[in-house]
Amino acid sequence: MTATTPGGWLLVLALTLPAGAMLLGFVAGGRHAQRIALGALAIWLAIALAVALQVQASGAPLAYVIGGWQPPLGMALRADGLAAAMLLTGAVVLLAVALFGQGAYDTPRGAAETRAAYAFWCFLPALAAALAAAFLGGDLFNLFVALEMLTFTALALACLDGKPSQFKSELRYLLFALIGSVLYLLGAGLLYGAYGTLDIALLAGRTRADAPTMVAGALMTAGLIAKMALFPLHFWLPPAHAGAPAAASALLSGLVVKGAFVLLLRLWFWVLPAPVVLGGGTVLAALGATAIVIGSVVALRQERLKLLVAYSTVAQMGYLFLMFPLLAAADADAASRAWLGGVLQAVSHALAKSAMFLAAGLIAVSLGHDRVTSLGGAARVMPITVIAFALGGLSLMGLPPSGGFTAKWLLLRASVETGQWWWSLVILTGGLLTGGYVYRIVAAALAPPAPGCVARAVPRPQELCVLALAVASMLLGVLPLYALGLVRVGAP
Amino acid sequence: MSLLLPLVPLVPLAMCLALAWPGARARVGGVLWAAPVPALLVALLVGQVPPLVAEAGGLRLTLLLDLPGALLLGGAAVLWGAAGLYARAYLGHQPRFAAWWLLTQSGSLGVFIAGDLGSFYLAFAVASLAGFGLVVQDGTVAAFRAGALYLLLAVLGEIALLFAFALLAVGALGDSIAIADVVPPLATSPGGHVTALLLVLGFGLKMGLVPLHVWLPVAHPAAPMPASAVLSGAIVKAGVIGLVRFLPEEGAPAGWGSALAVFGFLTAYWGVVAGLAQRNPKTVLAYSTVSQMGVIGAVIGMGIVLDIGASGLHAAFYALHHMLAKGALFLGVGVALATGRGARRWVLPLALLLALGFGGLPPTGGALAKAAVKDELGADLVALCAALSAFGSTLLMLHFVRRMMDAAAEAPDGRATPGLLGPWLGLGVAALVVPWLLLPWVGADVGKMWSLEAVAPVLLGAALAWPWRRWADRVPELPEGDVLVLARRGAAPREALGRAVLRFETMFRPWPAAGLSLLAVVLGLLAAMAG
Amino acid sequence: MTAGLLFDLMMALAVLGTAAWTLAARTQFAAVIGFVATGLLLSLVWVRLGAVDVALTEAAIGAGATGVIILYVVARLRGGTAEISAATPSRAQRALAALLAVAVGGVLALAVLNLPDPAPSLAEAALAGSAPLGLGNPVSAVLMAHRGLDTLLESVVLVFAVLAVWSMAADHRWGGAPGPVFRREESGPLSLLARVLPPVGIVVGIYIAWVGADAPGGKFQGGTILAAMWILPWIAGLARPPSITDWRLRLMIAAGPLTFLCVGLAGFAVADGFLSYPPSFAKPLILLIEAAMTLSVAAALACLIAGPPERRLPPESMAADRR
Amino acid sequence: MSGTDILALAACGLVAIGLYGVVAQAEVLRKIIAFNLLGAGVFLLFGVVARRGAAAGLAADPVPQAMVITGLVVAFAATALALVLTLRLHQITGAATVAEDPPSGAAPDPASEP
C-alpha cells in the first residue's frame, strides 16, 4: 500500500512544471520560449534540490499517489535516493547547458523566431519532463511513455543543426531505440499478464522465477541496454552523439542514456526475483567489461575529438553494468558499496561527460576543426576550457579527488570483497586506457600552436558553464558522504 | 599544537589559490620561499605534535608526525625553501610556474604527514600529477615529450596504488582507513602478495627502481634547474615514505624484504653504469638519484629481512642527506653554467665535497648517512654489495663533476647573482652539517665512518675516476631512459593490437550485425537467467 | 473444434499470412497495402478479443493513419536500387536473423502459454472505480482517471512529436505551412471527396469522441477522423493550412495537454490532489478534457501526417501571421 | 487450446515476423513497416492478456486496453517521426537505407557547429 508522503507534491511539481513550461514555450515561441525555459529550469533545480533534501531528511522515499487512486489500478510517483540524486544531476546539467546554449541559441529582442533556437528552448524543458517521468515513475508502463519522451527529445536535440550527415545517424538511432522500446513494452505486457499490475512497489518481492518473468526480464533488459548503447549494441551512439551540436551532445551523453539506466536498475533490483538477477548479472557485467575495454581502445584511436568523447561514453557506460553481479552477491556491505559506486558513476559521468562535450564543442568552434592531432595552442586561447576538459577526464579515469574516483573505488572494493576480483582488473585497465585518451587530448592541447593556426577566443560565460560542470564532478569526490547518504535511501 | 599539521599542505595550497587573484600574484611570487616554513616549523617540533584526527561523516582523516616523517618533512621543507628562492632568481616571476610549484609542494609535503589511506593517496597524487607542470615549464618539444612520459608513468603508479589501497582497505579490520590499522594485517592476509607487489610498483615508480626508473633521466634534464632539484630531492621521496609506511618490518608479507633488497642493489648498480655513459651533467645526476634510491630500497628491504625496527628511521635519515646534497648539486649546475669558467673557483670545491659525500667520505654528512644504515647493510655479502655501490657512487659523482665543469667551460663567463649563490651555498652547507645536528635523533655509530671498509670504496672510486676521464668519451652515450628504447620497439605490436580491436568493433557497426546482436542478447540473457 | 475456435485460427493465419506477405512484397507500395490489410484484420481480431475501443483505435490510427502516412512517403521516395542491394544483408545473415527471430518468438510463445491461470485482472477494480466518475465505459475511466498520467504524458508526447517533425525542416522554410504544396484541384474525385466528405466526417468524428465516455469510442478515434477531414481539403488544394508559427495552430495542438494539466493541478485545490476530480464535477471535467484533447489530437495528427513545412507562405500572408 | 491461446501464438508470430523484418530488410521504409508489425504483435499480446483477464461481466480487462490505446498513439507518433526523417534524408542525400557510408561511417563535420 503506497501512501502519499509529506512533500509528495514536490514530485508532481517536478514532473508538471517542465511539461507545462514546454507547452507554454511551444505556443509562445521565439524569445518567450527561451525565457520560459530558463525560468522553468532554474525553478526545476530548486525543486530537485528540495526533493533531495526532503529525501535526505526523512531518510525514506517520497511518494505521491496520483488522483488518490491506489495502485494497482492507479499509479504512484516515487522518489528514493536514486531518483533524487539523478533528478538533481539532471537539473544541474540541464541548467548549465541552458546557460551555455544562450550563446548559440539566443533570440534577440525583435528578431524573428528561428528553427534551431525554437526547438532548443522547447526541448530543454521537454527533456526535463522526460527525465522527471523516467526517474520518478513508479509504473512500468508509465515508464515506457517516459522512455519514448526521452527518445523523441534526444532525436530532436541531435538534429538541431540540420546537418545532412546527421539525419542518417539519427535515423539509425531512432529505429534502434524504437525497437528497444517495443521490446521493453513486450516484456511489460508479459509481466502484466503474470501479475496483474505494473506497479514497481507491488511487483517487488512478488515475482517468481518462472518462464514469463524471465522472458519479460530478458526482453526488457535487451530493450533498455539497446538504448544505453551497451556493447555490442553501441553502433548508433558515436555518430549520433558526435555529430550533434555540443549542447545537445552533452545532454545526450550525460543524461538521456541515464534514463534507461534508472529503469534498468528498477527492473533488476525491484522487479526481477533474486535467482534471475544472480544468473543474468554476470552476462551484463561481461558485456560492460567488453564495452569498457573496446570502447576505450577505439576512443584512443579516434582522430576527431568529438568522436573520441562519444566512444568514451560507450566505455564509461560499461562501468554501470559492473554493479549488477556485485549487487547480487550475498555480502550486504559489498552490495551496498556496489550500489553507491554504480549510482555515483552515473552521476559523475553525467557531470564530467557533459563538461567534456561542451568543452570539445568550444574547442571545435575556436579552432574551426576538432582533429586531435592539431589541437596545439588550444590551452593558450582557452585555458579554462582545457582545464575543464582535463578535470572531466580525471573523473573518467577515476583519479582522486573526483567523483569518478569514489565511484570506481567503491566498485573496486566491492568486486574484491565479493571475490569477483576480475572486474577490478577491468576497472583498472579501463582507467589506464581512459588516462591514455584523455592524456592524448590534454597533451595535444597543451602543445605549442602549429604555425598558421588561427584560434579565436570563445565567450567567457560559456567557458565558465563548462568549468562549473567539471568542478561539480570534482566536488562530488570531495563531498561524497552527503551524496552517499542520499543514494542509500530506499536502496534495494 | 596538532592544528599546525594541516598548515603544512594548506599554506602552499592557499598561496597557489591566491595566484588566481591578479593583485596578489607578484606578492606571492616574491615569497615563494616562505611556503614551506610551516612544514619546517612542524618538523622541528617533532615529538610535541600529537596526531590530528578529523572525523568527517564516516571517513576519518589522520595527520601525524613521527620521526622518519619529521626528518623527511624538514629536509624537504629546507629544499623547497632554498629552491624557491633560487627559482625566483633563475626564472624571474612566472605565475604559471609558481602555481605548479606550490601545488606540487603542497602534495609533496603533505605526503610525509598523511596518516590514512585517503589523505596519503590525495597528497601523493597531487605531488605526482602537478609535477607535470614543473617538467614542461620550458615549453620546448623535448620538455613536452618528457612531460608526456612523466604523466603517463605517474598515472600508472597512481593506478597501482589505488588498487593496492583498495586491497588494504578491504583487508583491514573494521572501517578504519588509518595506515596504522590497515598495514599490520597485510602480512597474513590472502591478497598480501598482490598488495605488496602493487605497493612496490607504485612507490618504486616514484623512487625510480629499475626498470621503473625511466622517467627520471628523461624528466630531469628537461625541467628547469630548481624544478629538477625538487623533483630529484623531494618528490621521489614520496616513494620512500610510502615504502616506509606501507611495508614496515612487521607488516610485509614474507619474501618481499629480500626482493626489495635485490631490486634495490640492482637499481644502485644500474644507475651507476647507465650514468657513467652520460654526457649531460643533469642526466648524470638523475641516474645518481636512481642509484641512491636503489640503496634506500635495499635498506628498507634488508630492514624487513633482518627485522630492524628502526630501519624506517635510518632510511629516512639517508634520504634526508640525499635531499639536501642532491638539491645543492642541481642548483650548483645552474650556478656553474652562470659563471662559466669561473666555476672552477666558485663551484668546484663544494661540488667535489658533496660528490665525495655520496661515496661516504668522512666527515661529510654523506658519511654519516652511510653509517646510519650500517645496521641494515653492514653484514656479509650485503656489506660487500653496499661497498660496491659506494665505490660506484664515488665514480659516478666524480664523473658528474667533470661533466659539469665541461659544460661550464663552454658557457659564457659571468657572475652568479646572489639569488642563485645564496640558496646553493646554504643547501650545500646544510647537506654537510645538518646530518651531524640530527645525529642524536638517529643514533648512528659515528666511529664506523672512519673504518677502512667505509673509506676504502671512496678512495678506490676517486682513484679510478682519473682513468675513467679518458675512457668516458669513448663509451657510446646511452639514450636517456635506457630501457625506454625497448618500450618503443613494442609500439608496432601495440599498434597492431589497437587496429585489431578497431576491426572487431567495426564488425558490429552495420545495421544487420547490430540487429542480430540485439536478438542474440535477448536469448543469451534468457539462457543466463534460466541457468 | 468449435466454430469460434475455427474462426480464431483462420484469423490468426490470415494475420500472419498478410504480415509475411508484407515483408516479402516486391514493391514498397505493395508492402504498404499488405500492412494496411494486416491492420484491418487486426481490428477484427480486437473485436474478437472483446476490445472494441482498441479495435476502433487500431483501425483509425494503427492501420488508417499509419498506412496513409507511409503511403505518402512511399510516393515521394525514388530510386536507390543500387544502394538498397548493397545494404541488403547476405543470405547467411538473413538466415541467422530468421533463426533468431523465430527463437525469440518461440520463447515468447512459451512464456505466454505459461501465464498463470486464472489470470490476474483489474477488471473488477476498474469497473468499481469508473462508477463514481459517472463514466459508463471503464476503458475511458482508466484512461482519464486511474491511469490519467499515462494519457497526460502521451498527449505531451504528441506535442513533442509535432515539434520534432517541424524541427526537421530546412532553416529557410521555417514559418511556412506544414507539408508540401498541393496543386488546387477544381474537379476530379479527390476534389469531390474533399468537398463532400468533411461535413459528414466532422459530425461522425465529434460523435465518436462524444460517446467515448459511455460507449466504445473516444478522443483518439474521433480525433483521427477529424484530422482526416482537415487534411483532405489541404491535399485537394482547396484549403491552406496555417503557418507553423501561427500561435492559433500551436495552441490548438497544445490545448489538450494544457487543459489536462490545468484540471489536474486544480485537483490540488478542489479535490484530493493532482489528477483527482471532485465527485460531483467529475464527468463534466472529463468531458472538457476530452473535448480539448480531441481538438489537439486532430491538429497534432494532421501536422504529423503533413510533415515539416516544405514551402514558405507568400509574403502578404506571412505578415498576417506575424504577431 | 482456447481461441485466446491461438491468438496469443499469432501475436508471437507477428513479433517474430516484425523482428526479422527490422533486422533483415534493407530499406528504411520497410524497416518502419516491419517495426509497425512488431508493434502490432506486442499490442496483440496486450489484447490477449486483457482477454484472459475478462471478469466482472467485462469482456476484457480494461487496463491493458487503455495501455494499448496509449501505446498505439505513441507508436504512431514514432512512425511519423521516423518517416519524416526518412523523407528528409532522401531529399537531401538520396539515400533510402541507413547503411554506413563507405568507408568509415558518417564522419561528423564539427566545423559547421553553430
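Letters are used for the chains, namely A, B, C and D, taken in the order the chains are written, and counting of residues starts over at 1 for each.
By definition in this document, a residue touches a chain if its C-beta (ideal position, glycine included) is under 8 Å from a C-beta of that chain, and two chains touch if they have at least 3 such contacts.
Note that the structure is predicted; figures quoted are calculated from it, not measured.
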item: Pair joined by the larger number of C-beta contacts - A-B, A-C; value: A-C
item: Cα-centroid distance, subunit A relative to subunit B, in whole angstrom; value: 41
item: Distance between chain centroids, defined by C-alpha means - subunit A, subunit C (Å); value: 30
item: Subunit B and subunit C, separation of their C-alpha mean positions in angstrom; value: 71
item: CA centroid of subunit B to CA centroid of subunit D, Å; value: 63
item: Set of subunit A residues in contact with two or more other chains; value: 73, 116, 141, 145, 148, 152, 155, 159-160, 167, 172, 179, 186, 190, 193, 196, 214-215, 219
item: Residue numbers of subunit C (touch at least two other chains); value: 87, 89, 93, 97, 100-101, 104, 107-108, 112, 115, 119-122, 126, 142, 146-147, 150, 154, 157, 160-161, 164, 168
item: Where subunit B touches two or more other chains at once, by residue number; value: 509-513, 515-516, 518-519, 522-523, 526
item: Pairwise touch network: line, ring, star, complete, or other; value: complete
item: Subunit D residues within the subunit A interface of the complex; value: 15, 22, 28, 31-32, 35, 38-39, 42, 45-46, 48-49, 52-53, 63-64, 67, 70-71, 74, 77-78, 81-82, 85-86, 88-89, 92-93, 95, 98, 101, 105-114
item: Of all residues in subunit A, those that touch subunit B in their complex; value: 172, 176, 179-180, 183, 214-215, 217-219, 221-222, 225-226, 231-236, 276, 279-280, 282-284, 287, 293-294, 297-298, 300-301, 397-401, 405, 409, 412-413, 416-417, 424, 428, 431-432, 435-436, 439, 443, 446-448, 481-482, 485
item: Subunit A residues touching subunit D - in the complex, by the definition given at the top; value: 73, 104-105, 116, 141, 144-145, 148, 151-152, 155, 159-161, 163-172, 174-175, 178-179, 181-182, 185-186, 189-190, 192-193, 196, 239, 242-243, 245-246, 304-307, 361, 364-365, 368-370
item: Subunit D - residues contacting subunit C, complex; value: 2-21, 23-27, 29-30, 32-34, 36-37, 40, 43-45, 47-63, 65-70, 72-81, 83-88, 90, 94-99
item: Complex interface listing, subunit B residues touching subunit C; value: 511-513, 515-516, 519-520, 522-523, 526
